[in-house]
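Across the two complexes that follow, chain A remains constant while its partner is chain B and subsequently chain C.
And then the complex of A and B:
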């Protein structure tokens, strides 16, 4: 019963596993760049061979970074049956393309649907591992600064990248605060005999109705807090769209350049294969 | 595109809510169908677009897409072209709907913004899934019950939050001393 109200415990954003691996020590902006290039490349791979090689490289990165594999894949556990159902659906009901391998009535496995299913499973594992390698080896502050530094060229297109980074920082800072507010709201309503725990799990209408009295006050609390924060920021002299100095300075060293070149070479290799 | 401090902060708190609804699974309502859950994680995007304009909507759409990409456990949503790119657009459509209807009635405009936002989210994401070749158009028709649930909830939440925030009266007005006849 009481664990129904423990929201904070399940929030894993911003988790960081300290370590001394080369991946931990890479410059965060370079790390983010490498991760993005790899993810975009993997998203477009279609052949078996290239997907296999990508998986090998991702597994190598996981072992270099020293993060526990089981921990990064644990997020998949609740969704495992759902993923299997989707993959089976993809395997049996995709449009007939390529050669038919197996057929029973209207069910058919073609070389196309087989490849689609295998590659989407491999891609899912690749992405989950890559994202956890990046997020578990980088501090949240470094992540938002890295986004800001990488997106600097976009300023010439009048895209407010500094402000975007600030928005991310404030948002991540507020997630635990709002989680606490939410716990408070849930307890307040449960103590008056209402709340989420009363709704049956598969009754979508009841579930939706039970959420409304939680989510509405949450929005209003958030907007009220926003007004307070605006006053606090302005009274401390915050002016948007202006160059700011930073306490923490970053300098690229040889290993950063090497890692970027290596990632590019691997991506070109994957596309060629 | 100039952002004021207020726009920055409102975008940030709404993004925090979107992330929170995602990680606590409170933003998902189980609807029995192939795609699993109806999601109300898009609602902060529509509310941001209505309250602070389309730039805030686009930023929130990006953050919503990013958190959906990072947290996805479904193969097709672990694809930035499905989870992020379509979401950039869902901050613009509710804003356009809102300014188009605002002249007629403020409340109706909130509702239309929620509806247009939710429908465009479904349409753009489904289009991206079909274009990327995960499923065909006929298979994707199975998301219709979920899309209806999402649209209903978006309309209710967008109206309720925006009206409460802008202090627009809904229904019969409360009794006030000043409105009593002399």
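And then the complex of A and C:
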């Protein structure tokens, strides 16, 4: 926290990397649909073979999209210890099934828990990479519009999809703004000698107390910004739930249909393997 | 001419019993350019919000283009006619790209998509934002963000544009761009309402309305308004330095006209009274050759990359050299994005040198394990909008944060809090238990400064210390910094305001294109203002005046209007003698 004040480095959400790959050019809603279908399918894969094939396909997608692998995986970094802990628990404490490979007291490593752990890890990497491919090749507003379009049927259930999409847009729009604000608060506090006291990492109370000077002002800043934003939106004629036209118009072309069909075929294939 | 806006006997209060506007009446003809001038708390922003119906008057009425803002269905019609540009560039952008944001208003008014596209493109072209149409807003500069807000109004083809302190967060370049753009809108027939507390911006208007404590106290042409030097200061407004020079000259030599808004006017009037001097303005002052004091901070060949190792990596600083000695004030001047904040954040070890050398209070920050705690203690740093960084409820608690982090005993903490508060002119007993939310903006900025001073730093580094403050508070902060400098604290401040530099700095480091352009004594810059222009900065009017006077043979040299007039010396006495008594 003290040495590295570049918060934006760890925020890959909402960071669009411009490019000309076919994935960049896919219709965002189709892209989102494909990603969701793939993620759902992968979630149900249990065998080594099918997971391996899924990973190969996901890696292929990453290389087609042209985004650096390391960068798309950097979203994992803050959670890496948590993930390791989870995997270890899964490895050691899963129900005893299949052949026992290793045993110590109540701890078992079985062929079942082994498979579970490996597939969990592969699955996690698949998910992170897929989400990165989607968000890094799609402009933020296209992301929210894609969600809006895919959820259109829900309108008939009286769910205000357009409003939800706008809320999403604004939230994403302010992620970098608040990250920068947070960065400045951290620097200001550090300049006054904060963050240099060596409270133990495990002393939760001390750690939480040390964060308070960041959270409180950030909260106040957020409230004030929200107030300003509401006035600005109202001034520009925004009224919730009123009929509005849509600037962006989307037309599906052949490659969009093809990509959807291809995704479907691959998913069916993965399930069958 | 028909009236575009008609305000009649309007009063408004947010909290019962504390009126913000009292019985304000106002008419704005179609196509006019009106400046609403007033200090913080004068009610000018409230008035702006009443104009487009965000607020509706408690008593009286507001009529815009024939529509009463209180008339239910009319509310939407009024918003369609008035474009608003607010103070904080960030807080009015809704969408995640430039073009989508321009489209937001059009979508709300149900303009068909194809037409939206045409209008968005046209508006972006007129605001020079077309190449940035797909850019996310957080990658725009402040000036570009405000231009985006104006583009939104242009796309709506709104006949009235209200700018509510729209330039107060911008650097000189951004401000000029906005003023030029507004001027063009005005020339095309748009009615402009400019809410501001900056006198320079008022010059553009054809009518000024001065508000004080919710009342209209003066109206007239900008020139007439400027003449009332003293009254304006009573309303906590600043008078442009050139007008101040004119005012002082008029007092000394009544034949000089009391008003001027441009240096050339003063020079012309002087020429009418006395022939330009033949002798060339020789120096009649001593260059302040201070003893070479110990350097507290040395920066050599520093460069810095942001977000290294990611696809978003970019170089924020190419090459910087800087030396700061005890007891001097150094200004780092540059436009937004020139790298000046990056240099600044190296001075107390927030950033470590990636390449180059930074030596701060004897600690080499490039070392493997430098004593960061000592650097942070001895190099105090105040960030932009420091009042947003306060986090305790009571003033005293917030100021004590630094000393408590240093694990000082309570008596010493108390002494330091007292020292910090008193250095910024807030009485310890009176202020230590005040809730922070009840303070004014200027007082909060001072509390934040006190929090840094409580560390008793040897060097004080400040990022835009007066940005966003009204003139009275800004002057106050500058005065405190002067005082600190006299106490032996080295003051380094980052600014884009060259007038502030004249006031406070002994030396100036100009930074351009992420590279420092050498260091100059302020006194030398006053004598050779061409150095400033050569580095691409606009000359402050006070320096332009001195340049012109020198060309006429006057040996002038001064940092403030008073000093400039004083430096005229015997020339002034001669004029006063010849033209002093009874003329005009």
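Here is the rule we go by: the second predicted complex is superposed on the first by the 222 of 273 C-alpha atoms of A that agree within 3 Å, B and C clash if a C-alpha of one lies under 4 Å from a C-alpha of the other, contacts with A are read in each partner's own complex, and residues count from 1 in each chain.
The criterion applied here is as follows: contacts are C-beta pairs under 8 Å (C-beta built on N, C-alpha and C of every residue); 3 or more make two chains touch, one makes a residue touch a chain.
As the structure is a computational prediction, the values presented were derived from the model and not from experiment.
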{"item": "Contacts of A:264 with chain B and chain C, given as first, second, both or neither", "value": "neither"}
{"item": "First (chain B), second (chain C), both or neither touched by A:15", "value": "second"}
{"item": "Chain B versus chain C as contact partner of A:127, first or second or both or neither", "value": "first"}
{"item": "Which of chain B and chain C A:187 touches, first, second, both or neither", "value": "second"}
{"item": "Contacts of A:52 with chain B and chain C, given as first, second, both or neither", "value": "neither"}
{"item": "First, second, both or neither for A:158, with chain B first and chain C second", "value": "first"}
{"item": "Chain B versus chain C as contact partner of A:236, first or second or both or neither", "value": "second"}
{"item": "Common ground on chain A, meaning residues reached by chain C in one complex and by chain B in the other", "value": "166, 169-170, 172-173, 177, 196, 212, 214, 216, 220, 225, 229, 233-234, 238-239"}
{"item": "In the complex, chain A residues that touch chain C", "value": "2-3, 5-6, 8-9, 14-17, 67-68, 71, 74, 139-141, 144, 166, 169-170, 172-173, 176-177, 180-181, 184-185, 187-194, 196-197, 212-214, 216-217, 220-221, 224-225, 228-229, 231-239, 242-249"}
{"item": "Interfacial residue positions of chain A with respect to chain B in the complex", "value": "7, 10-13, 39-40, 43, 75-76, 78-79, 82-83, 85-87, 89-90, 93-95, 116, 120-121, 123-124, 127-128, 131, 135, 158-160, 163-164, 166-175, 177-179, 182, 196, 201-202, 204, 207-208, 211-212, 214-216, 218-220, 222-223, 225-226, 229-230, 233-234, 238-241"}
{"item": "In the complex, chain C residues that touch chain A", "value": "49, 52, 54, 76, 79-80, 82, 84, 86, 88, 90-97, 99-100, 103-113, 116-117, 120, 134, 136-138, 152, 156, 306-307, 310-312, 345, 348, 350-352, 372-373, 376-377, 380-384, 386, 388-391, 401-402, 405-406, 451-452, 455"}
{"item": "Contacting residues of chain B [partner chain A, same complex]", "value": "1-6, 8-17, 19-21, 23-24, 26, 29-32, 34, 36, 38, 40, 43-44, 47, 51, 59, 62-63, 70-71, 73-76, 78-81, 133-136, 139, 149, 153, 156-157, 160-161, 164-165"}
